[in-house]
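In what follows, chain A forms one complex with chain B and a second complex with chain C.
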Partner chain A sequence: MAAVESLPPGTPSAMRNAFGTVLSALILVLIGVLAFSIRLFSVIKYESVIHEFDPYFNYRVTQFLSKNGIYEFWNWFDDRTWYPLGRVIGGTVYPGLTLTAGTIWWVLNAINIPLSVETVCVFTAPVFSAFASWATYLLTKEVKGSGAGLAAAALLAMVPSYISRSVAGSYDNEAVAIFALIFTFYLYIKTLNTGSLFYATLNAIAYFYMVCSWGGYTFIINLIPMHVLLCIVTGRYSPRLYIAYAPLVVLGTLLAALVPVVGFNAVLTSEHFASFLVFIIIHVVALVYYIKGILTPKMFKVAVTLVVSIGLVVCLIVVAVLVALVASSPTGGWSGRSLSLLDPTYASKYIPIIASVSEHQPPTWPSYFMDINVLAFLVPAGIIACFSPLSDASSFVVLYIVMSVYFSGVMVRLMLVLAPAACIMSGIALSQAFDVFTGSIKYQLSSKSKDDAEDNTSTKNAPKDDASSGKADKGEEVAKERLSKKGKKKEREPAEKPSVKSKIVKKKALVLPLEASIVALLLLIMLGAFYVIHCVWAAAEAYSAPSIVLTSQSHDGLHVFDDFRESYAWLSHNTDVDDKVASWWDYGYQTTAMANRTVIVDNNTWNNTHIATVGTAMSSPEKAAWEIFNSLDVKYVLVVFGGVIGYPSDDINKFLWMVRIGGGEFPHIKEADYLRDGQYRIDSEATPTMLNCLMYKLCYYRFVETDGKGYDRVRRTEIGKKHFKLTHFEEVFTSHHWMVRIYKLKPQKNRIRGRVKKLKQKTSSGVSSKSVKKNPWM
Partner chain B sequence: MYNKTIVCVYAQDLLCSLHSAYLATPTNLKIHHYLIFLRSFYFLEHVSYMALVGSFSFNSFLFGVLSCTGTAFLAICLWIQVNKENKKFKDLAPKRAFADFVLSNLVFHLVIMNFFDRCPSPILNVVFMSCKNVV
Partner chain C sequence: MAIDKKLLSLLLLVSSLSSIASASFSDPDSDSDLTNELASLRSNSESGVIHLDDHGISKFLISSPTPRPYSILVFFDATQLHSKTELRLQELRREFGLVSATFLANNNGSDLNKLFFCEIEFSRSQSSFQRFGVNALPHIRLVTASTAKLSDESGQMDQSDFARLAESMAEFVEQRTKLTVGPIQRPPFLSKAQISVIVAMIVIATPFVIKRILRGETLLHDHRLWLSGAIFIYFFSVAGTMHNIIRKMPMFLQDRNDPNKLVFFYQGSGMQLGAEGFAVGFLYTVVGLLLAFVTNVLVRVRNLNVQRLVMLVALVVSSWAVKQVVYLDNWKTGYGIHPYWPSSWQ
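Let's look at the complex of A and B:
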């Protein structure tokens, strides 16, 4: 780069350089537009609506922020969820996403562009994905050059794994967090390459933004120390490494401790200990290098022996103290979620809620191909390209991809962290391949024309020397072209023939035959075309469903199932503001956001016992369930039922988790009572406990009236108990396709007839004396 | 006995050579080193205080410890960048290095102010609280 900048303007190479810069800027703008528009399929196919479950919570928080301001937001205690416990929102939410969207909304409204909060929330993710692809360009440029940067940015704009979590409407933490992740890594590499304290400060601030946005920031604070350790161990310690790492740890830990969610966890939990340990190690190494610099070698050896003997004793003491501290906590200082990453079987043994979320399951092999497609086999080529030559930056990228491949194998959700790494590697691989092929083509073409020209000249004294020097010329120019960035520098300086001959002999070996290069180029372009086609298909068909509106194609056109919003609207119009609604925790966020009613449990799942209470109620017979719900002041119970239209994610399919989680806390719920031959069945072979439980009754009440036989389309059988009445609940609403059913708790009877009451007392005392010890609710 | 005397002799030689090599560093850097040493000393003092008395206000413990370490390490970074013997930083102007140092210290102190929650004198306490709220 320095050689080019010193050239006077107006020369051909400076012009070409300027042209190259403009071209790459234009390409970056187009990549940004591409990243934005490929995520708009759901807005076009359905409408501008917020998807799924978690985004509704973020949307509600953003609404609160925009209405009440930031001080109220920090101090907000939400009493409309987890009744009667409530939830401290200010201290338990990652504020990055909501603050970002709130700021954008505020800025736009301040300059008189009146966008609603919902529009800002829906389109935040596509905008930040454009930023993320630009950050990928910057990061890959630091590693390998701007050609690779452009390729990586183009790949990231379209990779399906990232699209799945950042479509327009998916207003979740990852939308902003992936941009923060890539940007933090870019600033780290930039600091490593330049050794400037300015970039180190910016790096710490970008890390702060990442901590604000997502719980996955622990990936950064463990990956960077690992890389520093790797550099030290492979002998690549340099002062730039120190400047890149030390301010990040100090400033970064402080900034992380400022975020209320993290708080003192930033210095107390095991997830951060790696950074402190490597901090100490890098200081020891720095001290060793400093002393080595000012001492003679003989003295240095003496110093080493002295220090090692004393230092070893000190180290052992410190390590013993640390181990005692760590072992005193039952999980060794790690949180449950992090521990389930390190030991994939941990969650299924100890925390069934984490195990029950479908996003936390390990991925299948086809999902790798679905999510990163062509990149899956470009990545190894990229890894090899990173090793020649190996620099600090390229070793970091290799470490990043290895770690992210491991973690993506543990949880499907973490395929998202693999996507940027895969794009960077594939960008490097593609760019190197293109360089070699185009260089070969140029060399072959120009050498053919040069051979024709030289055959005509026969007046030179040493034709062999001239031919070889001519080839040396071409070889050196071609070598320079191959090493240059894509289409930017073309230095046509006349070669110094004898001195560069040795270099040329080596580089000539990289030239491939002309036909092979052309065919390979065409194949690479076709590969890119297949990738694009797959990504567009995935974005349009697979990842654009808002899951709050369902559609299905049938012979008589498109059916739209809008039952969820219909029922939430019914709830908000036909119930009192203070009425409590009980449902399974999946629907908590949507109920509070759209129906504006207080719920008992929601998607935050922070209190296992509360969820187990609801699960127990759903699995108990009607009277017991009524008692439980009455003790929680519940007025309405909401169940989701897919048997009429064949919607597979309904509450009957989730029932096994209700039983498991409820049975984990309340031992009178035994899973074996609900199983026949090890399966949950609802047909005539079902166990009597199953046929009497509240979930069965609420789902299948009056179901036989739909088709006369009670055929459940999801379970593909007829139901077991068809005609029954509800004694403690009354049905108040069933949506159009029977997907959501709402029931009201019947109030207790005012009086019971005298004689019957006495008899009831005798019989109930006789019957319930057996079960009163086991069942805490009766 | 023989080994011990040899070790002692070696230790003395080592200290002598360290001392003489250290004298060779220019004066401005020595000031740097003194400040860094001072800060490390305060850090150790703070940690031992906490170990003795207990970490009642974890906020103030963090504030004390991390302000010492932070300024110390940022000073080390400046030292690295300013040291004339360091080949890799020849093209970095000392003024630019100092400006970076000032900026990073500014950000660092903005952040550390948020941890400051108590002060011996009540008057100073009020002053610092108002500063903190402004920040």
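Let's look at the complex of A and C:
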């Protein structure tokens, strides 16, 4: 503090501060523009469409919301999906994203900007990624000052992991949830730094928004209690910690229970128990500190034994109750996804439907390089910077990175949660490195020039202040915020002491050699440039494809494969409104949203048996499959086939999962029957079960007519069974590149007419009825 | 007491002699006798795995006529190969015993005597190994009731069938023999006595621990411990170790073309080897550590030349590490980025 106060309070420093604020604001605006515009590659390269699978459902819900209003939406029972069960959309969906986009659409329309719902949906994610980078700035500023904040915000604006989930058109929960996650953390840290109830309340509301948006909110409600516990255990308990935590648990849990999809889960499932346990512990600890404050040390010693024993008893009782509750449920009260985080091998053993999703696989090291790129190199430096000195706020971000990096190691999907933490850490590291390197360059340049002009002893102090001014500014800001808030003197003192100490340390000239600093600076800038190039490349090439329209670049130009929309359009124009379409669950959302037809299963995989039924039908021979589909009132069966153009994520490649999931519920389907010596093949070596199952037949029906040989370009082999006829299904539509094929179930022949025929035959030729075929379709 | 023991052993001797006598005097072709003998052998062996030698093989499998009333699952063991850990013989043998014990526990009545678990040891029954045509371990073979020729390899358990240890072995058995093994019952990690001792120790220790926490003197208050823990978890995760654990990846592979050469790096992005992950995890971590060292520690060093030297080393190592990771990633995934220059520049 001494160094700062000794500066003359005249205009130059005030000007500098004002200039710094304006510059920061300008940089933040630019970062927002960057975050928005780097996500527009998909619109520029393709068109303004909704991407992939889940976004189509969200889009459909948003359409419904904007058309019918919030109350209708809340009570919406959707009979277009999960036929014949249907789905209560209002009660099973995280409404945050749709409500957000619906509100944006409504506001825009109210001020006479007539955007379509689709346009609003497409651009929601880029807008929110700009918000997310501003939230990152705020969070990092609370931890290590505004320099680190700006660096972290710039890094987050273009981190590939986040881009992959928030390009224009990727209208999914994560798009708004990452913003909500970072903002909730920011408000928690802000409350922790200020001890203000105002921020604590805001924190609970931000948490509510997060609960509305994404199932990942359990990460918050476990991470914050862990941090509180950590603070208590390491002796960092303070009233600020209490204010930051207790209102969050009480208000947050009450608010979370308001979201229909969460409801009483907020108090009943194990994911939330950690927060309640810590809630009890923090009260015990608060009591101990309170008693310590009003008693003499001797009395306190007596009291400690009393309180500790009572606290222990209370804790034991609570733990016993929890254990009893948990033991009474089969999975221990944990959802499958959470369990597979704790025991990574859980999903692969017991829940094929979770294990089958590619984003639930554990990542290898190249994934880290792809998703956070050079940040992976900088994070350790950020962690160390957070430890010198360790504050409540910096211990939180350390905990955040440690937890998220571990979880990302289990499930590649959680790389998304790691990305903000990695950006914050790298921002801190970069800012510290720049501080040191530019500081030493500046110090040595100025001291050289002054050496020439004046006596060096008298000038030694000034450049030092200059060199450390960047740090001093930040220290000043943090300290100011703490001082400006109303608080007890006791709280203020520990906040001031370390800063005084650190100033004394800084009095020594902390510099590095000039030339080495310049080289290091250049290398750091090169590293940053590489990051930018990688991110732009990733945004443009790797993550911009909408996967509903495919393109391929070959020597004779660009090919566009628009088969999906072609076929959904065919369905909506050529089939009856109430016809039921069966397909593997991946295409359920798209079929309901784009073709407006009823589906049997969709991407909301809530009913395993129903999915297993479809899987069983696909793995059964034609007749058995016909019977299953007929019992579900299915009129059309849709399969996706990539063998003609070499599209690898088609149904034949997903087929083994259908067998596994089907076999999980219906044991007569056995995976081994579809494998030849443990290998999955569709060529002449394939097993008869494989060659006769419905999926094989629907995909490869008439396939040999395309090239005369039946060469599958995905499996890179000739198919095993080339010429066959369908008995129970008829082909009604095959898209331009054969990617989507739609079949109609043949109607059951009229039995009475058959009997009449039989009678006729009997009378004419006298053939006995036994020789007549029983099969009504032949 | 000594007399008692002697008496007991005498009784045992007599009873076993009589059982041998009854076995040898009765009709050797009788199926039920063979089954009974196997059952009695089983009841005498640990976890129900019968130790067979050449004699036993010829008796129970070769000389008996084919449809036998029982199937036999044979585990081929070799003590001299136990030292080779990559074969996992001992682990597989334990799991084999588990399957056997589970089968015994979950079946009673007629099904119990339809399947016997046996093991053959190489050094004592080499000719049996030849008869089965086994020349590579680990090897588990099911000899079904109808198998006539022992060299018939259709009953061999695939690598994939013991990949998930006892569970997948049980699946194999259930699938081939149509018998039920049931869920594998693993012995608990800690016995009840151990658990109670641990709980008691925790209860006794808690007041002391709480006292120390209140004083602020525990290891937990040491920042360096937390720091190194955090860095370690970071290293552990970015190295993809969870992938190696979940997928049970080996540290390295043997080159198929040249058995003396070891493969440390696997080409293709979906998979990685253990050593490869640690190497890259180290590269990821070392750059940040060096940067932190330079900005936090080196700035306090007074000697300019030491600073220069250390920075030189740090810069060279860092840029080498970054380059190496980019190169490896390029090689492994075929990753190739390119910047987007304005078209007029080209």
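Note that in this section the second predicted complex is superposed on the first by the 674 of 778 C-alpha atoms of A that agree within 3 Å, B and C clash if a C-alpha of one lies under 4 Å from a C-alpha of the other, contacts with A are read in each partner's own complex, and residues count from 1 in each chain.
In the analysis below, contacts are C-beta pairs under 8 Å (C-beta built on N, C-alpha and C of every residue); 3 or more make two chains touch, one makes a residue touch a chain.
Remember, it's a predicted structure, so these values are computed and weren't measured experimentally.
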{"item": "First (chain B), second (chain C), both or neither touched by A:38", "value": "neither"}
{"item": "If touched residues of chain A are counted for chain B and for chain C, the larger one", "value": "C"}
{"item": "Touching partner for A:197 - first (chain B), second (chain C), both, neither", "value": "first"}
{"item": "First (chain B), second (chain C), both or neither touched by A:362", "value": "second"}
{"item": "Chain B versus chain C as contact partner of A:312, first or second or both or neither", "value": "second"}
{"item": "Which of chain B and chain C A:259 touches, first, second, both or neither", "value": "neither"}
{"item": "Residue ranges of chain A in contact with chain C within the complex", "value": "233-235, 288, 304, 308, 312, 344-345, 348-349, 362-370, 374, 376-385, 387-388, 390, 398, 401-402, 405-406, 408-410, 429, 432-433, 435-436, 440, 508, 510-513, 515-516, 519-520, 523, 527, 533-534, 536-538, 540, 670, 672, 677-678"}
{"item": "Residue ranges of chain C in contact with chain A within the complex", "value": "158, 160, 164, 167, 175, 206-207, 210-211, 213-214, 216, 220-221, 223, 226-227, 229-231, 233-234, 236-243, 245-247, 269-272, 276-277, 280-281, 284-285, 287-289, 291-292, 294-296, 298-300, 304, 307-308, 311-312, 315, 318-319, 321-322, 325-326, 329, 332-333, 335, 337-340"}
{"item": "List of chain A residues in touch with chain B within their complex", "value": "195-198, 200-201, 204-205, 238-240, 242-243, 246-247, 250-251, 253-255, 257-258, 264, 267, 286, 291, 293-296, 299, 302-303, 306"}
{"item": "Chain A-facing residues of chain B, complex", "value": "7, 10-11, 13-14, 17-18, 21-22, 24-25, 58, 62, 66, 69-70, 73-74, 76-78, 80-81, 85-86, 88-89, 92, 97, 99-101, 103-104, 107-108, 111-112, 114-115"}
